[in-house]
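Same chain, two partners: subunit A is paired with subunit B first, then with subunit C.
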Partner chain A sequence: MTPIVEARSISRVFPMPAGPVTALRDVSLSIAAGDYLGVVGPSGCGKSTLLHVLGCVDVPTSGTLLFHDRDVGSLADTERSRLRLREIGFVFQRFFLLPMLTAAENVELPQAEAGAPRAERRRRTMALLEYVGLAARADHRPSELSGGEMQRVAIARALANRPRLLLADEPTGELDQGTGEQIATLLDRLHADGTAVVVVTHDPAIAGRARRLLRMRDGRIVDEAPR
Partner chain B sequence: MVFQPTMTAAFLISVALLTQASPTAVEPAGILITRQLAESRGLTVGSVVKLATDPAGAHARLFRVDGIYEPTPDPMHFAQPQLDARMHLPDLLALEAGMPDERDRRGVTSINVALSDRDAERFALDVAARVPGLVARATSAPDDRTNTFIVVERFHLAIAIVTVVGSAVFLLALMVMLVDERRSTVGILRLIGFTRRRILLQVFIEGAVIALAGAAAGILFALASQRLFNGFFQWRYDTTLVFLRITPSVVWRSLAMAVPFGIAASLVASWTFLRQQLLALIRR
Partner chain C sequence: MRALRLAWLTVVRQPARSCLGILGVAAVGALLFDMLLLSRGLILSFRDLLDRAGFDVRVVASDTLPFNGPRLEDATALARLIASLPEVEAVQQVRVADAETASGDFRRRIEFVGADPQARPMWTIVAGQDIAGRGEAALVINRHLAQTLRLSPGSSMSLTGRCGEAQGAPPLAFTVAGIAEFPFDTATADTVAGALSAAGRLCGRTTEDTADLLVVRSRPDAGADAAAAAIRRARRDVHVVTSDDLVQQFNRTQFSYFRQISVVLATVTLFFGVLLIAVLLTVSVNQHLGEIATLRAIGLTRRRVVSGIVWESAMLVGAGGILALPLGTALSVWLDRILRSMPGVPADLHFFVFEPRALVIHALLLAMAAIAAAAYPVRIVAALPIAATLRREAVS
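Up next is the complex of A and B:
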């Protein structure tokens, strides 16, 4: 199957005043449609950096990252922005919702930027909020939602432009166990509905749901196990 | 070209002595007096008064008040009450004729001449050529007596420039703080796929709207202040002099400075964040 994203010997080095820090070392990885990948490892092992590079938020210092066979390193910032807008969905531990917008407006925003007609994006927004079980809270602002609800809105927003790849960085990190379970179940549903999912997590319960599990240490993939 | 000083010229004299007099058999000459003078002495049209150039009242002559006028405000003397009377040149000469000492006579410093053919420049040149030492100029020509106000205007312009530059620096600092508060918003927008150009465009529109709204508020405030200031000082000095005037030129100049400054401040402040890596914005 043609991979959505493929990393070939990528490294990421951050220049720091005290000296360069290597967050990723020679990582190779391929993610295809329908994959459900869990990434685990100790803090500082490079999990989030890998997710950022895969999501075109950051670029590798060396190696090649291909997104649908296009070399991301050669893309301009504007083109990487377009990739993030149309092909990739992000879910972060801290939700990153815009506080001045309602849940529905947060979900509608990426669609508007992608040029979706108003009627269509309103319909899809309500469908997505239904999907995550928050249709009744569409007009609520993030400050009026619980942590679990905010994360579900973030997931709905991540799915707004029908991305092929969903990247989740510690999506249950700020949630209690029960709410975390709800989010994990929602990610399972996304995967079952055909979206490729990559989850970076410390939570064994979340990692245990993934079909492939990557273990990282010191910026390297030390183990990859299908499940 | 017609030169008719006795018919067209009006002269101002300071009133040395002014009293209401009983009507006499001799028809007194007509004069015009300022509103301030009429109010201060309780005079009306038709009142007959005695005028003299001598402070003691010697050689006084009778005049009849033919009209009361609102004097043209003089910025050089706005703090002094305008107690003036206007009369025809022969009456002035007759009034001064009785003065024993030639040196005590008040001089005529200027005469306004109405021209039938309106070629004031040519007339002025002609007069200057015929009467050396006499200054003749068109009323539309720059008046040397306003040099003081030109200096004051330049001083005000300098103050305005300093104020605008200071305000621009303040505005820039304010916008930097405002944008700093929106750092995470910019990060989220970049994360979900907004391009830098798109965000800058948004900032540009916001900056323009804020700058226009700010300029409009400032202009409205200035217009309101104008009425307040003028009302107070006109009351205080009993004059119709306009102390503060917001002209269309002032409005356009304000807009021309405020809007570009506002937009530039927004863009400069935003660019400080947009030029950063996306990770730096969302990791804060």
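Up next is the complex of A and C:
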């Protein structure tokens, strides 16, 4: 299957006052449509850095990242923004919903940025909120939602422009076990509906749902196992 | 959702923060607006007073200010000569004398303005009649004197000249013909105007033909400059100034202090306004770095996120700037009243005068302030490393 994103020997080195820190070392990886990838490993092993590089919000210090065979390193900032807007969905541990917008407005924002007509984006926003089970909370602002509800809104926002790839960084990290289960089930549904999902997690229960599991240590992939 | 709408929602859905910013800008903007009104207020008001007198050229004996230097000799002949010039429409001789009148047990000092009763007066009648055609004993008096001495048209009044060596000339009896406004009167001035000859008779100088100044009205088709040039050509020994010259002279000297003060204070208030908004926006941006990084991560361009900050700054400054106008106007009225109560200031001279130009400059300065205030938070947003910020926010 044609990969959506392909990393070829990528490394990421952060210059620090005390000396450079290598977060990724010679990582090669391919993610295709229909993949469900879990990334696990101890804190500081480079999981989030890998996710950021795959999501085109960071660029590797060396190596090549191809997104639909296009070299991301050669893209201008605006082109990378466009790529993220249309092809990639992000879900973060701390939700990062805009506090001044309602749940519906948060979901509508990326669609508006992509130029979707108002009526269409309203319709899709309601469909997405319905999908994550929050249609009744469409007009609520983040401060009026629980952690699990905020994360579901964040997932709806990530799906707003029908991305091929969803990247989730510790999506259940701030949630209790029961709510975490709901989010994990939602990610399963997304995968089943055809979206490629990459989940960085410390939670074995979440990792256990992935079809492929990557173990990382010291910036390297030390084990990759289909499940 | 456009950057403008996102900025609007940010402003209206964080009312406490927005109100704080808007009120801060309104306070600063009100002071700025007042400084703009003050910077040219005196000049505009002074010009208005000069124009209100109805004459645009003044002829004096030397380059000192009128009433401070020597008098014009052979004033009647000079006035006739000037009146005969084609550029001149009217001439008025003015001679000021010090006088006093009895008020109970006190002597009240009066400024007597002597002028040709047949020429256009320099004052405006507000009650009764002017002195024209009523003989040497007719007077017009200002409101302050009328109220203080309870005089009205038809009242009698006795004046004694205060004439230095001629002190002791007998008092002269006058009849109040009317009540008038004198453009340069202070709030407590006691001013009367009568015939030019009466000004001389107050000190027993019945044959003296002098004047402190001649005021001249140019013909509209010639203009003040042409009239002044014609007078200079006709009489090189006199000093001729137009109203424009006087305004420029005062602008360079007496009024320049107010202009300099207003420039300094306007600069300081603008600086504080920029700081206030910059701090508010910077704090807001720093509080929401995670959300801003997320906006970038989900695909909003740098330009789009930056324009949201600029719009937000523009909205806060714009709303504050609009609110500043009524606030500044009320403040200027209050400050004007305080400054005009200073001794020796003409009652109709204003320090704060509105002109459309001030409004335009106010808007331009605030627009610049909005951009300057947004500069630092915009820099933070523009240079925000998305991945590093997301990582930092996740562990903080």
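Here is the rule we use: the second predicted complex is superposed on the first by the 227 of 227 C-alpha atoms of A that agree within 3 Å, B and C clash if a C-alpha of one lies under 4 Å from a C-alpha of the other, contacts with A are read in each partner's own complex, and residues count from 1 in each chain.
Going forward, contacts are C-beta pairs under 8 Å (C-beta built on N, C-alpha and C of every residue); 3 or more make two chains touch, one makes a residue touch a chain.
Predicted model only: the values in this text are computed from it and were never measured.
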Superposed partners subunit B and subunit C on subunit A - clash or fit: clash
Subunit B versus subunit C as contact partner of A:170, first or second or both or neither: second
Comparing the two partners subunit B and subunit C, which touches a greater set of residues in subunit A: C
Touched partner set for A:13, first subunit B, second subunit C, both or neither: neither
First (subunit B), second (subunit C), both or neither touched by A:126: neither
Subunit B versus subunit C as contact partner of A:135, first or second or both or neither: neither
Contacts of A:66 with subunit B and subunit C, given as first, second, both or neither: neither
Subunit B/subunit C common contact set on subunit A: 52, 57-58, 77-78, 81-86, 90, 92, 96-98, 109-110, 113-114, 157
Subunit A contact footprint on subunit C (complex, rising order): 1-2, 6, 9-10, 13-14, 288, 290-291, 293-304, 386-387, 390-391, 393-394
Contact set on subunit B toward subunit A in their complex: 184-185, 187-198, 277-279, 282
Residue numbers on subunit A that touch subunit C, as the complex places them: 48-49, 52-53, 55, 57-58, 77-78, 81-86, 88-90, 92-94, 96-101, 105, 108-110, 112-114, 141, 157-158, 161, 169-170
Interface residues, subunit A side, partner subunit B - complex: 52, 57-58, 77-78, 81-86, 90, 92, 96-98, 109-110, 113-114, 157
